Every structure is written in structure tokens, then in C-alpha cells.
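My structure is below; once you've seen it, I'll send some questions.
Per-chain residue numbering starts at 1, and chain names A, B, C, D, E and F are given in the order in which the chains are listed.
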Amino acid sequence: MTERKLNQPLGGNEMPRFGGPATMMRLPVQDSAAGLDACFIGIPLDIGTSNRPGTRLGPRQIRDESRMLRPYNMATGAAPFDHLQVADIGDVPINTFDLKKSVGIIADHYRAVLAHGTIPLTLGGDHTLTWPILRAMKERHGPVALIHVDAHADVSDIMFGEKVAHGCPFRRAWEEGCLINDKVFQIGLRGTGYSPEDFNWGRAKGWTVVQAEACWHRSLAPLMADIRAKIGDAPVYLSYDIDSLDPAFAPGTGTVEPGGLTIWQGLEIVRGCAGLNLVGADLVEVSPPYDPSGNTALVAANLLYEMLCALPGVPQGAPPPR
Amino acid sequence: MTERKLNQPLGGNEMPRFGGPATMMRLPVQDSAAGLDACFIGIPLDIGTSNRPGTRLGPRQIRDESRMLRPYNMATGAAPFDHLQVADIGDVPINTFDLKKSVGIIADHYRAVLAHGTIPLTLGGDHTLTWPILRAMKERHGPVALIHVDAHADVSDIMFGEKVAHGCPFRRAWEEGCLINDKVFQIGLRGTGYSPEDFNWGRAKGWTVVQAEACWHRSLAPLMADIRAKIGDAPVYLSYDIDSLDPAFAPGTGTVEPGGLTIWQGLEIVRGCAGLNLVGADLVEVSPPYDPSGNTALVAANLLYEMLCALPGVPQGAPPPR
Amino acid sequence: MTERKLNQPLGGNEMPRFGGPATMMRLPVQDSAAGLDACFIGIPLDIGTSNRPGTRLGPRQIRDESRMLRPYNMATGAAPFDHLQVADIGDVPINTFDLKKSVGIIADHYRAVLAHGTIPLTLGGDHTLTWPILRAMKERHGPVALIHVDAHADVSDIMFGEKVAHGCPFRRAWEEGCLINDKVFQIGLRGTGYSPEDFNWGRAKGWTVVQAEACWHRSLAPLMADIRAKIGDAPVYLSYDIDSLDPAFAPGTGTVEPGGLTIWQGLEIVRGCAGLNLVGADLVEVSPPYDPSGNTALVAANLLYEMLCALPGVPQGAPPPR
Amino acid sequence: MTERKLNQPLGGNEMPRFGGPATMMRLPVQDSAAGLDACFIGIPLDIGTSNRPGTRLGPRQIRDESRMLRPYNMATGAAPFDHLQVADIGDVPINTFDLKKSVGIIADHYRAVLAHGTIPLTLGGDHTLTWPILRAMKERHGPVALIHVDAHADVSDIMFGEKVAHGCPFRRAWEEGCLINDKVFQIGLRGTGYSPEDFNWGRAKGWTVVQAEACWHRSLAPLMADIRAKIGDAPVYLSYDIDSLDPAFAPGTGTVEPGGLTIWQGLEIVRGCAGLNLVGADLVEVSPPYDPSGNTALVAANLLYEMLCALPGVPQGAPPPR
Amino acid sequence: MTERKLNQPLGGNEMPRFGGPATMMRLPVQDSAAGLDACFIGIPLDIGTSNRPGTRLGPRQIRDESRMLRPYNMATGAAPFDHLQVADIGDVPINTFDLKKSVGIIADHYRAVLAHGTIPLTLGGDHTLTWPILRAMKERHGPVALIHVDAHADVSDIMFGEKVAHGCPFRRAWEEGCLINDKVFQIGLRGTGYSPEDFNWGRAKGWTVVQAEACWHRSLAPLMADIRAKIGDAPVYLSYDIDSLDPAFAPGTGTVEPGGLTIWQGLEIVRGCAGLNLVGADLVEVSPPYDPSGNTALVAANLLYEMLCALPGVPQGAPPPR
Amino acid sequence: MTERKLNQPLGGNEMPRFGGPATMMRLPVQDSAAGLDACFIGIPLDIGTSNRPGTRLGPRQIRDESRMLRPYNMATGAAPFDHLQVADIGDVPINTFDLKKSVGIIADHYRAVLAHGTIPLTLGGDHTLTWPILRAMKERHGPVALIHVDAHADVSDIMFGEKVAHGCPFRRAWEEGCLINDKVFQIGLRGTGYSPEDFNWGRAKGWTVVQAEACWHRSLAPLMADIRAKIGDAPVYLSYDIDSLDPAFAPGTGTVEPGGLTIWQGLEIVRGCAGLNLVGADLVEVSPPYDPSGNTALVAANLLYEMLCALPGVPQGAPPPR
């Protein structure tokens, strides 16, 4: 179809998996998004976190543990590197001493990426970062549908008196008109809060909130079919907080809530996004200091790869025989 | 209803979650149970353990990781601090060099707590501690129904020739007439043993023993409905050994048995106790040295909070919309 | 039935669980397999691994964490030490500087074990080791049926140009005619690969490949019933790679793939082998450096014990009451 | 001498060391500094850090590990609780989302402490916090002498364009006239930098900079004698960054520089402050996520206790026999 | 010289270091001390500890990490396995639920060992264990000289009202007349206490107490020469608490005191015992849960090997060239 | 002086230290050594190790932890990036399944590097790798002087029957005539062995062996002055095994020997190489799985930077004032 030479992850037969560049999937690096269909970007931010720190190191460890990933998706038959030009474009130089300035830096950075027509897949970093990304998305695409997978609603008006924190991004994005309210889906919410309003605020705006308890003991494939039908061909942003997963599956994060999604459900959600008009996605809140085995970062790397496999332009293969 | 000022957990908007007092849920501390409807108590005991040690540090780490807990239960709608006076009354000064003396110290301590009409929620510590608590319970309430969640039956007659150890508490409690035999439920038992008698001893007394395998791949809500029907309004004690959970969900414990309950089932069990006449509960066998991320203690803190939400006097809210 | 005195694991009432010999289940040690019905053998190999190292320490840590295991299986009623003579026969002295020579050392070692009519249960060590074991099995029993539980197919022709590596053992075994092709079952395969061929190679040979996704959200008891029917009374080898389990259940391994089997499924698989004509089994790829709590090794020790319980000659007990 | 009842650390014969309140040395807590000669205060700050995070959890872990400390100093003969009224007054409620606001909150908090005439001993937290403390010190005492023990000079004008960060506090304090320039001593500086100016900036102001290399292989008792002579009776502030110690002695910190001070030298420095007119002290940069054994926090707790022992009003005992 | 075949550690050219039996130095095991000149014994005790637990696992981890040890001492030229018959005789079956009974069990066990004329080298376990060993020593040898290396004096009369605890063994031994008072040497004592009496109690009995501060910045070879001269040919027991070392060198222990001995000093002490009439030695207080790298146990294993090298009957080699 | 633009490490004011490329010192990457005065190369090898594995991950973690390094050496005044063109040229694609083939791959790789006239600084990897490097060095420079810092002599003829292993590289290099025998210096050797021959083999060849004990309690600056005088202007290779350091300073390694060098001595050795005609250097045996804090890799990164500072062509600055 295309004549251009597509980047490939460095293979295990050319360099042992534990060697080679510590880039996402050992892909080539480039400075800008020019010429890319999709890109991986890191945002090493953790000054928006309210409990445990450490997400500043998330992008580094996700990249490190992504070294095992091979190009072909054995479950879905997707072969993204046969169809998309992809690279790792490095990190956003956030200001680690000033959270509010970092919001501006991130928004500018994503404006530049989107100007190239590239779909950004973001390695977080704390959830504050989704607000400036959604701002840039709106400027490019208009309001977007949102699939938000998380233990928390992240719609607080303020935290400790501040408007900018990892519990507020979707409130801010809503205020700025970034979201299509009847196409917002929050999945996996649970735990303790201050009042029912914590989750009902979004519902009052027309959002669909699927609490974790509604997900227990079942497949989420039907839910995703329903979501795909409701979103149709609107542009969609996928924001995946690793703490949506139960801590058994992702111990290395900062605001842990027991009783979460399973990894099987997490994969069903991301794979269930195939067919949507995804315009961007992020994987946030991986905190390496709380992940001694590295497996949380490894799970995150896999989910980011699955996001790539679900992008427009990547054909889904035949399902494997049963 | 009440005019008294009810204690509240210190909120995240007054003090960052990682600051403030390292008490349970950052609640106020008081020396005795006077004036309290319910209290959290620590028992830093591990000299009754037979394999890995470390539960002596359980109360400290559970309190530490409880700092994330907010007052409202998003799943059940319970708001315990709107209805109950609750505080952290510190630790029982057990004798760490003499297990048998510690049993007496614990029993005395709980007699004093129960004399105030307070419901104790205990942060363990190894499971030996439940025996003296049940002794005090019986003196106050007569024999009690028991919901015992565990990987092990803990009904050994002796361990290494001793009558006092973490494998014997329910045998001792039974001998002292603390239990209503047809209202004893043991859930989650599994693993290896010395003979079928290990689990059948209780069955022969009229106890209901639900082995872990009977719980696999299903919700435990129906089981809890059945248990509530069978217990009726008898006083009930809930003893929750963290090793009832599969080690995927609670790695930090001492006598690990694979194939256990899920956290979703654990939450169903504790939430399923709402409506019962709970007179006390404990969460035992958290061993911080085997819990590098702190998540086992965090799970334990959540389960203790859920116990509080299930106490008599705490209205259950409307279920969240699906 | 037999007059010989059968070895028993050292009990917790004779020596605290954290003391005593660091042998498998604290069983007696002997130098050869003479006189044994079954034996535990360690193969401290990790130079066949392609990502994280550490499986060389697997046998040591599995033995260490096996100290909790008691002789009776509470779930299945099996009492293997009442029926079989079992011992720990130590480790194979592999050449840690030359993988190809180690293959020969292992094959020779197992020839000697099998010459005694003993069923070997192997503590790995990386998966390379299964090839030489299967070679010895074939020499003794002819081609065997295979139940292979794993995240990976391990049928690569070459890795980094080499024929001997932990991704190739079943390709090599197939080439040598060790397998009965219509009685080969691969369970749990998933993740990323180079092409559909990675899993279809075996299918083309007549093997049954059950990808992990086909196992999600269900019991595997029906699958095992089906497998038992298909295998009949052919000699069967069981090769269990700990990475078949989702990393939530077994974090300590080297080539981690999220979305795997549950521990409940893992137990269903091994227990589902009872009734088959098992001629050997292995548990491979435990990597202690990635297992800070020791629980992966503990899970492995339990699975090895369950393998022993499933061997021919061990009666299965009555199922526990529900 | 005094009639007031002096607070004592909770003793190990009243409550096991692993139980009791998780306050500094298990001392009583009070809300303000009223009536105290000295107090321990936590500042759970880490948003001023430039490399590894985690110091937000420093105060909690230092308090936890301080549980071993007994009241009497076996080396110096100091018995601080016989002479001073001391309590733990909890944490400063810093704004974890805005570093600049936190500076103001800290300064206000210390103004209130100093207004009671209390000497504050601070548990950090990142080094940014020393600037607002010195500001409050100057308002109370005028410019102060400074003993600054650190791997870094922390006199950067800006970091990433910002004036407020953990590399700038002494530059800011100098700008505000908080320091007596010929009585400033920086000990332990080393590692890599941008130019000689990194350490010479202070020298140009009249400060004494003792690089780590000048400390190798020797006792620092002579240095401290010299410093005491130069400071005389001026008010002195002691700022002790745990990274002054070589990482062998204090691994749990964020900006590690090999080749540092020994713990013996660290103790010589703090003990060498006895006799000075200490008006406050801090111990900063303990990062628990990088301290799996807890020993860095334990070292920090000991150094804070030694600071207490060196305060004015605490007699030094007879040296132990040799 | 002798015709008997002496046991040798299993060599690295016969079995990789990470394989083979997990015995001390991979030596042969035997059930009793019969025929042995010296033996290694484990005492998996931690119920005498007052702060962190975990020493129950000390013997297992010391044995595990001893696998690196080769037979010849490169520093001293000692070749103990050329001169002594040595084996690992396993663990003492202490009663982990009753400390006082364990004291009796230990004493009986050592009476049996000493009856064979064997010198026991003990792998601890908490320091409580030295009291019953000294009791058995006295019965065999009469009162003994003592070299006690520790951070603590361990001469408390009672702890929490108890006479048996890890802070009391030398008080108890003194009461029983086990010690030659003018030949008792305590080295490395430091930290905090309740009063000067903590260290002066022994001094008042005629003991020599060398506080850690007296050891800083110097070689201890001269001290050991002095001690050898004072002890002469009296029978000597060496009790080495790993917490005598600064935690930089031995992090994995329970009652940590900064400012301790260096490993070089520790080696000088043990090597400095060569030439004495050593009748036994122990290495206590290794706590594996606080030792994630395993290096504390490895240091302990080395010190135990050095004790073996210093036993009577082992010639010291020529010093290496400088 | 030079017109070419010299590469600079990415600064902390351009990108936070925890972001940016995970290359050595965040330097630019290039594929070959063309145009470079010096380069960093990784060799992710661990199949030559005989005890703990993990050095395959050494290069990755050293690069990760090198992110803190700034360009100027505060101790020596060296500013290497003002004088040398330096880059990170990535990893050698060793064959992780065949150690002997890896030796050939490494030698070829270094021939290519040396053909560019570039000085290689190698991030290991196990010590086997030094043999092929020395082979390439000899081909380029003729026999070289050697400064070998290590706990072990690494002159074994065979290990487990093999000629290629991490205990043999200097024996092999000597056999091939790579070394100038009277200019070989081994520093830090210690521990246990098989016979005095282990260290005397080199002495018999004319090598200078400085055992660790000869280094205790003193500065090594005089030793280095002596070595510089003896080597003169011969080409010199520096091979630095991280296990030369006592494990207190570098816990994350595989063949640990207590009683080693201090980090201050380590820095004295490397800084003491300034003025020599260094033609290459390596830092080997960092094993990240045994280094939970990352500090061993950080120490290694600093030592590699110090090696760069000591290269010919880098002026040494004025010593800092004392």
C-alpha cells in the first residue's frame, strides 16, 4: 500500500532483549512527530499526585520493560508496524517545580504533535497530564468522546484549594468544553470518597459511570460493544489509569483502591476500542518505586501496545481458533 | 439524631495524605473506649506464628496505609462517621516474650473496651489474638455466632505441644463455650493438612465449612445472604484472616496458601455482614516485611473500614446506578 | 499394601517450619532414584533465558518455600506419602557456562532416574530443560502425550541463531519424535509474537492450542475432562511454565505476559491430570530475584505437590462437602 | 531543678517497641509548641526534588523507625528528657500541588513555633524547606550562623528557571540576609557539577566549604572544634542533608553522590555542635521508597535525637571509660 | 597426619554454586555431632526479639548464602578442612511458641554436642540463645572467658518483666557463674539506653567494655592482641551479634544502632581470636526479611567461616606478601 | 581550541533528570565510534557468572542511574566534555545462548571501535568480557599494562571444565600475550579460595597483587603514585570489577566478598589513573536484581564518569581549597 519504509521494533534475534536502546519497544527515536502516524511520548510528571509519589519515573520504567514486546498481536491478529509509521519521540520537558506551568508546557507540546497529524500514545506520569492533552485535542478535533478507565472519577473541583491536581483533570476538561457529554464513559470507579457526588457529578452531565462492582465476575466485551455503538464515529480519546486495575494486577501505583478491574477486563477494554476513531490515548499513574518486580510497568507497556493495535488503520486479524 | 460532635478522619484538603498522624484513617486517638460506639485497636503480636514472622508490625503498617481512606463508601452508600463515634485507641501492650501471658493481657484489655459498650475492630497481629477476644465477647454477650474467613481452620488442639498458637484459637474458644455451633461459618479454607479431620472437626460440631474450591469462579453474595438468614439477630463476631485471600491480592502474610478468595469475594463477605448484629471484628495476619509495596496493609485497612460500614447503626445507602 | 517404610515430610510439630533441612517439603535426601516411586529433582539452569535471568535460583527457593507443605491434600483427599516412596534427589550438575553441554548432562541424568522406574518431578530452571527430559522419556516410554501449560509456545526453530534456548524445547522434542502429535495440548498461550505461525506451527502438526483468551472468565475443569478423554492411557508428560499464570499470581518469572491463567485454573489443570498415566512433570521458569515475597516459589512448590498428588498410584479422596 | 513534669518517650517495658504511637520517639503529641523547649516537626515535602522523589514520606518513616530510641545517650551522657520539655507537634500542612505556596505555609508555621520560644527540630522533606525556616529564624534571632552538612551546596540561583527548588535554599536565604557569612560552614560537598562556581560561590561570600575529599580517612572532631571556636555564641542553625553521608550509610535518598561522609563523621558533627547556641536544626532528604530496610530513616531518627542531645540546656555527661 | 577422611565443602567445579544442598558451605549433614571436631548448628529463634522480628529465618539464609565459600582462607592461610572434621548438624527444634521452654531445649541440645567433644559454631537466631549455650559450656568447661561483639550489652535484668529475652543473656549467664569476670570483653557497644548503668553494670563486675566510639577510625588488631594476652589459655566463647557492625555493612538485623564497627574491624576481631582456646562461637541476629540482597547473611556466613579458621587445631598460614 | 562541536550531556535545566533518553549521562547516541575520542559501550552479558546472575541488566541500569551526572568534576576539576568528543554507542549484540561465540562477537566489535582511534569505556556485564577486549587491545596497541581492581584474581585456568567464564579472563589474556607482566596490578583481592596459588599465580608472573587487607584503614593515593611511576607511559587498560568494593558500597553484584575496598579508595584508584596513557577501561559485574535502591548502578556510573575524567587529553583542574 505504502512505499515508505516503516519503523520496526528492534528484534530479539538482532540484539538480546535486555540490550539495545531503552526506548518504547526498542523503536527508533525522533525529535518531532513529523511523518509519523502514531508516536509514543513520555510525560515524567508526579507533582500532581496526592498520596504516593513516583510516577515521574513511569515513562522510564515502562520503556525499559517494553523490551519484551514483539510486533504481532497473537490475540487480535493486529500487526501495527505493517501499517503505521511509529516512533518514540521522547519526553515532554515538564517543569517539575511548578505544576501549573507544566500544564502549559504539555498543551504546547501536544499542539505540535497534533499539527503533524500524528496520534499520540502517552506514557505517564500522573493523571494531571490528561487535561492539557484534551485541551490540545479539542483545538484539533473539537470536543471528543472519552473512554476513561480509572478507580477514581478525577472530577474534583479543587484539591487542597488547587484547580490543578491529579484528581481534577476531567473537571477542567469539561469546563473547557473538551468533551462530548453523552459520549463519556468512566469505567472501574470505586473505593471511598467524600459523598455520592464524587461519581454522580459526571452522571448529572450525561456521562456513563460504570462502577467497579458492576464489572465484577464478568466479561466486559458486551460493555465495549455498547460503548462502540454509542460513540459511533466521533473522535475518541482513551485515558487509562493503571489504578483502574485491582492492585493484584498493578501494584505499582500511588492511589490504590482494592476491588478493581482484572487484567482480562483491561485487555477487553483496550481491544474493544478497535473500530473507534481513536485520536489519542494515555496510560498513566505507573509508580516504579512501588513496583519492585517491574511488572506494573510491563503491564502498562502491553496496554500501550494494545492501544497501538486498536488505532484506525490497523486491520484486526482473524480470531485465533478455539 | 445525636448532638454530640462525631470524630472525623483528617481530610486530604486539610493535610496531605502522606502527612498527619499515623493513626487509623487519621482519626483522633483516645486512651480508653469511653464514649465510643466503635474503636480501632491494634494488637502487635507475632509470637504465635508458625512460619513467617512479621505480624507484630501489622497494626503500624495498616494504620500507615489507611491514610488514603475517605469517609464515604462509594459502593454501599455507608457514611459511618455520620452515625458512630469512632476513634483509634492505640495498641494492646502485649508481652512479646510470653505468648500465654499475652492472652491474658488481651482478654483483660477487651473486657475494659466492652464495658464501655464499644464495638472493637482489631488490627492484628497473629490469629492467636482472636481467642482472648472471643473470651471477652462471651462474658459480655454470651456465645456468639462466628464468621471466620481464612485459609486455615485454626482448630488444632496443639501445635508443637502447645495449646496457645495461631493455629488453635477457635478450638480454644469452642472449648470455652464462646461459639454458637450452628452459627459458625468458615469460609476460604484450603491447602494442605494432616488429614480430613483438619476441616471436618468443625463440621462435626455443626459448623459450616466452605472450602475455597467451592468459592471459585463465582460471587459470594448468595452465600452471605444464606449466612445472614441462618444467623438472624444473634450477636456475631467476624474474624478475617488476610490469608483467606489468594496471595495475588494479599502477598504480605505468613502462612500462604495459593488458590484463595478474590478481593471481590472478600468485599462481598464483609459488605454482606451489613444487617447482622456485629459485636466485633478483627483483621489479622498482615506481615509487612513480606509486603514491599504496602498494598497488603492497604487492603487490610480497606477491609477494616468496610467492617465499620457494616456495623449496626450505619444505614446502607442506595446502590449506585448501573 | 507395602511393607516398606515410606518417607514422610518433616512435620511442623517436630521442627518449626522455618527450621530443618531446606529440601523439597523437608523430605529426606538421597543420591540416586533407587527405590523411589517418585522424586523431586532440581535443575538450576538459566542460561537459556532470553529476557530476565534468575531461574538458576529457582530450585533453591522452591525448596525453601515448600517448608509449609503438609502431607494431605485438603481439596482432593490425596495422601501421596501413604502410597509412594518419595525423596529429594538434589540437583543436576549442569554446566552453567555451556548450554549445549548442559542439555547432554540433563538427558544423561534423567536416563539414570528413569532406569530406576522413578517418576521425576522437576524443579526448574529455564524451559530449555524440558527438551533433554523428553528425550530421555522417549527412550524409556516411546513418544508421549504432552500437556504444556505456558504463556509461550516454545516451538521456535532458532533464537539468535541458536537451536538450544528456552524458546525452542518443543520444536526440538518434536524433531526427535518425542511427542504423540494428536495428544499434545498447549494451554495459556498469549501475548505478542512475530506472526500467527508462532502458535499455528503446532496446530499444523495436530496439536491443540488453547490460547489464554479462550480460558478467561471460566473454569478449566471441562477442558481437562476433554483432554483426559483424548489422551486415554498414553504415557503423559506435564510441563508447567509458571509464566502461564498471570503475573498477578506469579510475579517472579522472566518472560512475563499479562492476561494469563488464574491460580484456580492452574490448580484445575494439575488436579485434572489425576487419572492419567503421568510419567513425569516439571515446573519451570521461577526467578527468585523477581519474587521479593517468595510467593511465586511458594505457588510453584504447591503445584509440584499437586503434581505428586495426581500421579498414578495415589488414590483421590472423596470430594469435600459443599 | 524544674517542677514541671517532663514528657518522656514511651518505654519498651510499657509497650513493645513495635507498638504504641508512631510519633517521634513515641513522645506525646501536642498541637502547638506552647510550653515546649524543643519540638519535633515534620514537613512532608518532595515537590522540590530534582531526581528521585519520595521525601514526602520521610517524616512518617523517620517517626516509625524512631521507636527504638531510648532516652539516654550512651556516648555523650546526655539525658535530654531530664532537662527539656519536648513533644512531637505533627506535620506542617504543606500544599503538595504548589511549591511556592508551601514556602509561605512553612514560614508561617515556624513563626508560630518560634513565638513560643521553642527550638524546632525538623523531619524532612526535601531541602527546599530550609529556606522558609531560615526566614523565620532571622525574624526571631537576626542572621544566624549555619552548619550545613550536605553532598551539594544548594546555592543554585535557579533550577529549570525556578527560584524555588531543593537546590536553591541557601542562595535564597543569603539573598534575604538570613546568614552570618563568616560563620557559614558547608561540609561534605562533592560529586559532579556545572563548574567550580557551584562550590566557590559560597567561598566568595566568606563561607567555609569543606569538600568531602578533605574529610576522607579522618576524624572530624578537630574540624568541629575549629567551627565551634569560629562561631562562638552566635545563634546557629544546623541543616543536615542525609545525602551528606555516603550512600552506603544512607541509601534511601534522592540525589545520591558516592564518596561521602561516614556515619561516624556524621555523629562527630552533630555531637560536635554541643556547646553552641543552636536555635534550630533539620534532617532532610530521607526518601523511604529507596530504603527497603528502613535503616536510612533509622539513621535519620538517631541523628535527630543527637541534635536534641546537643541543644543548649542539655548537660553533656562524662565521656565513657576507654 | 590423620587417616580419617575429612569432609569437604562441595566445590564449584562439581556443582554450580547456586545448586547443591543448602547446608552450611554445602557440607555434608549428619544428625549428631559424633566424630566431629567442629560443627555448624542452626537455632531458628526470634521470639526473644524486642523490635523487628525475622531472625528465625537467619540459619536458612546464612546457609543459602554460604554457598560461595571456598575452603581456603586467602588472608590468613588457614585451611580448616585439612585439619578438622566438620559437618552441618542441622537445627535445634526450638519451641517457637514458648521462649522459656526453648531455653531448656537449647541447653539440652548443646550438652549432647559438647559430650562429643565437638566445638559448636552456631547460626542464630536471636541473642537469647547464647544463655543456654553458655550454661552447657560451663557444665563442660567451667566458667569461660567471653568475647562479646555487639551494639548492646545484653545485660538487662528484665525486659517487659521477663528474665528471658534477647537483651538479658549475659546477665543470666553471669548469675549462673558461667563467666570469668576479668576475662569478659564487650566490643562495639553504643547507641541509646536508659542510663550509664546499661554499660557500667559489666564494668562493675570487672568486664572490659569497649564502646564503639573507642573503635572509630582505627584498626582493632592491637585491641585483639591485648585481649589475647589477657585471656591466655582459658577456654573462650565468642558471641558475635551481627548488629555490632554498622548497618551499612549488615542492614538485615532487628535492633539497629548507627555508628558501629566496620567489616574490616569485624574480621580483625574474629581473625584475632586465632591462638585462643575457643570452645564455641555464635553469630546471631541476622534477620533475612530486612536483607533484600542477602548480603547480611553472606557476611554472617563469612564470619562463621572465619571462626572455623580460628579454632584450635587449624594452623595459620604465612601472611600474604605486601 | 577545537572547532568541532562537542557532545554534551543533556542538562537538568533542559529536561528533568528523570526524563530524557536513558543513555549514558543522557549523551547522544551514535551507531559507530567514528569521530569519537571516547565512547561508552554496553555489554549485557551474564552467562559467564558462577553465582548470582543479573549482570545482563547492568548496562541498562547504569545508564538509567547515570542521569544525575553533571559535566564538571568538582573534586578534580576535570571537564571532559570540553576536550573530548564522547557518545554512547549502544550495546554489543552478544549471543546470550553461547558464551564462547559471545567472546568472538565482543572481540570483533572492539576491533571496529579501536580502528576509529576511540577509547572505549565499557559498561558490563560479567568479567568474561575483558578477555576479548584485551585481545583487541593487544592487536591495536601491543601488550598493555593492566590495573585490575577486583575481589578476585580471575586467573583460573578452568571453571567447571571450561576455559571461558568470568573467573578466567586474565589467564586467557596472559596466554595470548596481551599483558606486560611487570606492569600488571591487581588491587582488592580477598576472601576464600582453593589455595594460595589463586593469588600467587600472578605474582609468579611478575604481577603485583595488593590484597584487600593491605588496603584497610588507609588512603590508596600513595599506592597509585607508585603504580603510575612503574607504568610510565605504557598503554594501560583499567578493569574495574564493582565487587572490589566492599558490599556496603556496592551490594548489587554476584560474587560478594566482605572486607573490600571503600568507595573513597575506589575513587582514589580511578582518579589516580590520570596522567597514565589509558587506552580503555571497563566497569563490570553490576547486577541490578540485587540492587533494589539502584545505588550500585549509580556508583558504577560515577566510576565510569571518573574514568572519562582521567583519560589522556583531559586536563586536571586545580585542587579545591581546603
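Just so we're on the same page, a residue touches a chain if its C-beta (ideal position, glycine included) is under 8 Å from a C-beta of that chain, and two chains touch if they have at least 3 such contacts.
By chain, with names taken from UniProt: A, B, C, D, E, F = Agmatinase.
What you are looking at is a predicted structure, and each value in this text was computed from that prediction instead of being measured.
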Subject >> Path length in the contact graph (chain A (Agmatinase) to chain F (Agmatinase), fewest steps) >> reply: 1
**OP:** Note the shortest touch-path length, in steps, from chain C (Agmatinase) to chain E (Agmatinase).
**Re:** 1
Original post:
Going by the stated contact rule, which chains contact chain A (Agmatinase) and chain E (Agmatinase) alike?
Top reply: B, C, D, F
**OP:** Could you compare the number of C-beta pairs in contact for C-F with that for B-C and name the larger?
**Re:** B-C
Subject >> Most widely separated chain from chain D (Agmatinase), with each centre as the mean of CA atoms >> reply: C
Subject >> Averaged-CA centre spacing for the pair chain C (Agmatinase) and chain A (Agmatinase), given as whole angstrom >> reply: 37
Original post:
In angstrom, rounded to a whole number, how far apart do the mean CA points of chain B (Agmatinase) and chain F (Agmatinase) lie?
Top reply: 55
Original post:
So which stretches of chain B (Agmatinase) touch two or more other chains?
Top reply: 16, 18, 50, 52, 56-57, 96, 159-161, 248, 290, 292
Subject >> Contacting chain pairs - touch in the sense defined above >> reply: A-B, A-C, A-D, A-F, B-C, B-D, B-E, C-E, C-F, D-E, D-F, E-F
**OP:** Please give the residue numbers of chain A (Agmatinase) that touch chain C (Agmatinase) in the complex, ascending.
**Re:** 11-13, 16-18, 67-75, 77, 218-219, 246, 248-249, 263-264, 267, 292-295, 298-299, 302-303, 305, 317, 320-322
Subject >> Complex interface listing, chain E (Agmatinase) residues touching chain D (Agmatinase) >> reply: 50-52, 158-161, 189-196, 198-199, 203, 209-214, 216-217, 246-248, 251-252, 255-259, 290-292
Subject >> chain E (Agmatinase)-facing residues of chain C (Agmatinase), complex >> reply: 14-16, 18-23, 29, 42, 44, 56-57, 59-60, 63-64, 90-94, 96, 292
Subject >> Complex interface listing, chain B (Agmatinase) residues touching chain E (Agmatinase) >> reply: 46-50, 52-54, 56-57, 95-100, 159-162, 164-165, 289-290
